[in-house]
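Labels run A, B and C following the written order; every chain starts at residue 1.
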Amino acid sequence: MALSNASFVHRIGAGVVDLASTVGQMMTLLGRILQRSTPARFDRRELLRHLEFMAIESLPIVVVTALFSGAIVVIQAAPVVQRFGAEGLLGWGAGFGVLREIGPLLTALMISGRVGANNTADLGTMVVTEQVDGLRALAIDPLEYLVVPRFYGIIMTLSLMTVFSDLLALFGAALAGQALIGLSMHGFYNGITGGLIEFKDVAHGLIKSAAFGFIVALSSCHFGLATSGGAPGVGRSVKASVVMSAGGIFALDYFLSFVVP
Amino acid sequence: MIRLDSLGVRLVDRRRGDRRWVLRDITIAVPRGCIYGLIGPGAAGKSVLLKTLAGLLPVEEGLAEIDGVNVGEAAALELEVLRRRIGMAFQNNALFDHLTVSENIAFPLRRLFTPTDDEVREKVAERLASVTLPGYEERLPPGLSGGQKKRVAFARATITQPPLLLLDEPAAGLDPVTSQRLFDLVKREVKASGATCILVSSDLDRLLPICDSVGVLVHGSMLFDGTVEDAKRSSDERVYQFVHGLPDGPL
Amino acid sequence: METPPPLTTHESMLVKLGRLVIDGTEGARALTSLFLRTLWFTFKGSRPKGSTAHQAFEIGNNSASFLALTMGFIGMILVYQSAVQLGRLVPDYSMVGANYGELLVRELGPTIGALMLATRVGAGMAAEIASMVVTEQVDALRLCAADPVDFLVVPRFLASLVMTLVVVVLSSAVAYATGAITAFIAFDVRFDVFANLSLVDFGDVATGLTKSIAYGAAIPICSCHCGLEAHGGSAGVGRATTAAVVLSSLAIIVLNFFISAGSFLVGL
């Protein structure tokens, strides 16, 4: 990264322009994807194939992440709970945190690192090895064939995985509660279903996860297609894509936390 | 003097997850001062052979010997001593992107010997002049054209004046004029210094005239080892086809 | 070379599971070996001077603003979410700041910060090293008696150890500030009430520090491992970069669990 003579202000300005242009390009890509979605003009067999592949490839990390992070929520809450002697509230506390925030957020970060990054690498490799040009030469629309199925595949994978990881994280939390502060599974379960957690908390998490899926899908497809410069270029794209996804996830999380009840 | 005796190299095939023979039963001898042309179709194991000689890949069976040192069983220190005598230009150039051209060329010299700064500057300038890139000292590799990178890689391989020179496609992607100049340069320098050189190239028209002997490697096996004339008259149909570049045949 | 007979779905699932276990143990062994070699070369290496400082600058320069941004958002979200949660029980927000401060030092600052670092810095390290592997630069290093672990991994490892802590502290400060602003705007908690650090004790600081150091070591080891294992052209670089993000993130989550559980059990 050349520091040379560019002043600090200049660099900030250049950064803002860069970001604006990337967002603009992503919006254009989104427009072209939507244009091919209504009516659905994309390869549905490809969608199913990607869905299966993405689910299988992300399953192990989602399981590990969910179990451990559920347990960590309890570990962090345990001292507070013990301080107030409110063991019965542990299920509620962990459930609230997992369903509204931790579950969707960590699952999205993991899927972004696994599925999103992989997708960028795939598309990027196809671009630098001129496979995408090859498709065009055969009059096959790369967006219909390559991009749109992946785009919806990622959104669906992330939404489904969030449901799955919510359940696993609660299970991990219950296990940790039993092991660390001796709260029975039953007590934990009562804490979750005791009425303090409402359906809207679950919905809050799921709506967010769909939005995260959207940003991961869009940025991973965009950076994949925008790859140039051989093998190092693919590496750069993957990096840019995961960074954009993570930034986007946090920004969306912020706005949705306020907007969605 | 290089001696390979029924050398076998097995590498992990990452896609299938098992280990696969890449070289089998290679037996050749390259005397000192010889330019040995190694040719063969793609994925035959030519690069693997060069890397094995440089001690970069493990020897599975047989013997790879350079001036009496067994590369496969050399200890780390022995290998380091051996590598002072090896110069290698890689197929992908392997120029360090974050170092300037002159730092790249000087890298083996500084790592393997203890030269003074003046010596380094002098030698780098001489090398750059020999590959007709004078004044490129401070450029960075990503800003060079494909042909320029190839020539810088050659300059780096020869900076230590190694007795053994391993060149993997040193002229791929070069225009005919530059390519011919590079082959002439190789021949001139190798003959002047009495070094041994193993040269991999698919540019047979330019390669064969400068070679003393030639080996044809197909699918990990040495099909032919001998002089260029013998190769051109070979009774093995595959060797004959490859050396003459015929489209029809067993390959 | 005979091709194996096609597998039935059952067999292939079993094979996949088996391969997962084998890959897992082999991966753990390779990571340990890389870690030990890194430590060895930290004291014994002959890398050029200044390479660690260069990497430290790269890490800070690349990640500070990104971490400040994401942690800033996290601060706002978490204060908002926990205040909403608290509001359903007792609408008394005076302790929100104190609890948030403890959680930030002990858990959120190091862990979320490190997850972001893994994304930003880990991916970068893996991409860089993987490109060097597939373009044979690592072979060229070895040919010149320059061990790739010494030249490539050690500077990144040392730089990351230091810079993770620095960047985590900086971005946690940002998260604390945005949290305070959110509490003030959304729940009318005054700054002097929010800035209550009475719950942050030695145990919290020690746990947070341990985590930062552990993550700072884990990210470069995982990422460099993935980079060095790269093979097969541009597709290989992509795969290595992906694997680095996943492996580093998993390492952080697993380490977090063990350090948290450990510090809870010893009563810190």
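Keep this in mind: a residue touches a chain if its C-beta (ideal position, glycine included) is under 8 Å from a C-beta of that chain, and two chains touch if they have at least 3 such contacts.
Predicted, not measured: the structure shown is a model, and the values here were computed from it.
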item: Chain whose Cα centroid lies nearest the overall Cα centroid; value: C
item: Far-end chain from chain B, centres as C-alpha averages; value: A
item: Contact pairs, highest-scoring chain pair; value: A-C
item: Approximate Å spacing (C-alpha centroids) for the pair chain B, chain C; value: 41
item: Distance between the centres, which are taken as Cα means, of chain C and chain A, whole angstrom; value: 17
item: Inter-chain centre distance, chain A versus chain B - centres from mean C-alpha coordinates, in Å; value: 47
item: Sequence positions of chain C contacting 2 or more other chains; value: 131, 134-135
item: Where chain B touches two or more other chains at once, by residue number; value: 97
item: Multi-partner residues of chain A (at least 2 other chains); value: 232
item: For the chain B and chain C complex, residues of the former touching the latter; value: 14, 17, 20, 51, 54, 56, 80, 83, 86, 88, 90-97, 107-108, 111-112
item: Chain C-touching residues of chain A, taken from the complex the two chains share; value: 1, 60-61, 64-65, 68-69, 71-72, 75-76, 78-80, 89, 93, 96-97, 100-101, 106, 109-110, 112-114, 117-118, 120-122, 124-125, 128-129, 180, 196, 230-239, 242-243, 246-247, 250-251, 253-254, 257-258
item: Residue ranges of chain C in contact with chain B within the complex; value: 1, 19, 131-132, 134-137, 139-140, 142-146, 231-232
item: Touching residues on chain C, where the partner in the complex is chain A; value: 20, 58, 61-62, 66, 69-70, 73-74, 76-78, 80-81, 85, 88-89, 99, 103, 106-107, 115-116, 118-120, 123-124, 126-128, 130-131, 134-135, 233-242, 245-246, 249-250, 253-254, 256-257, 260-261, 264
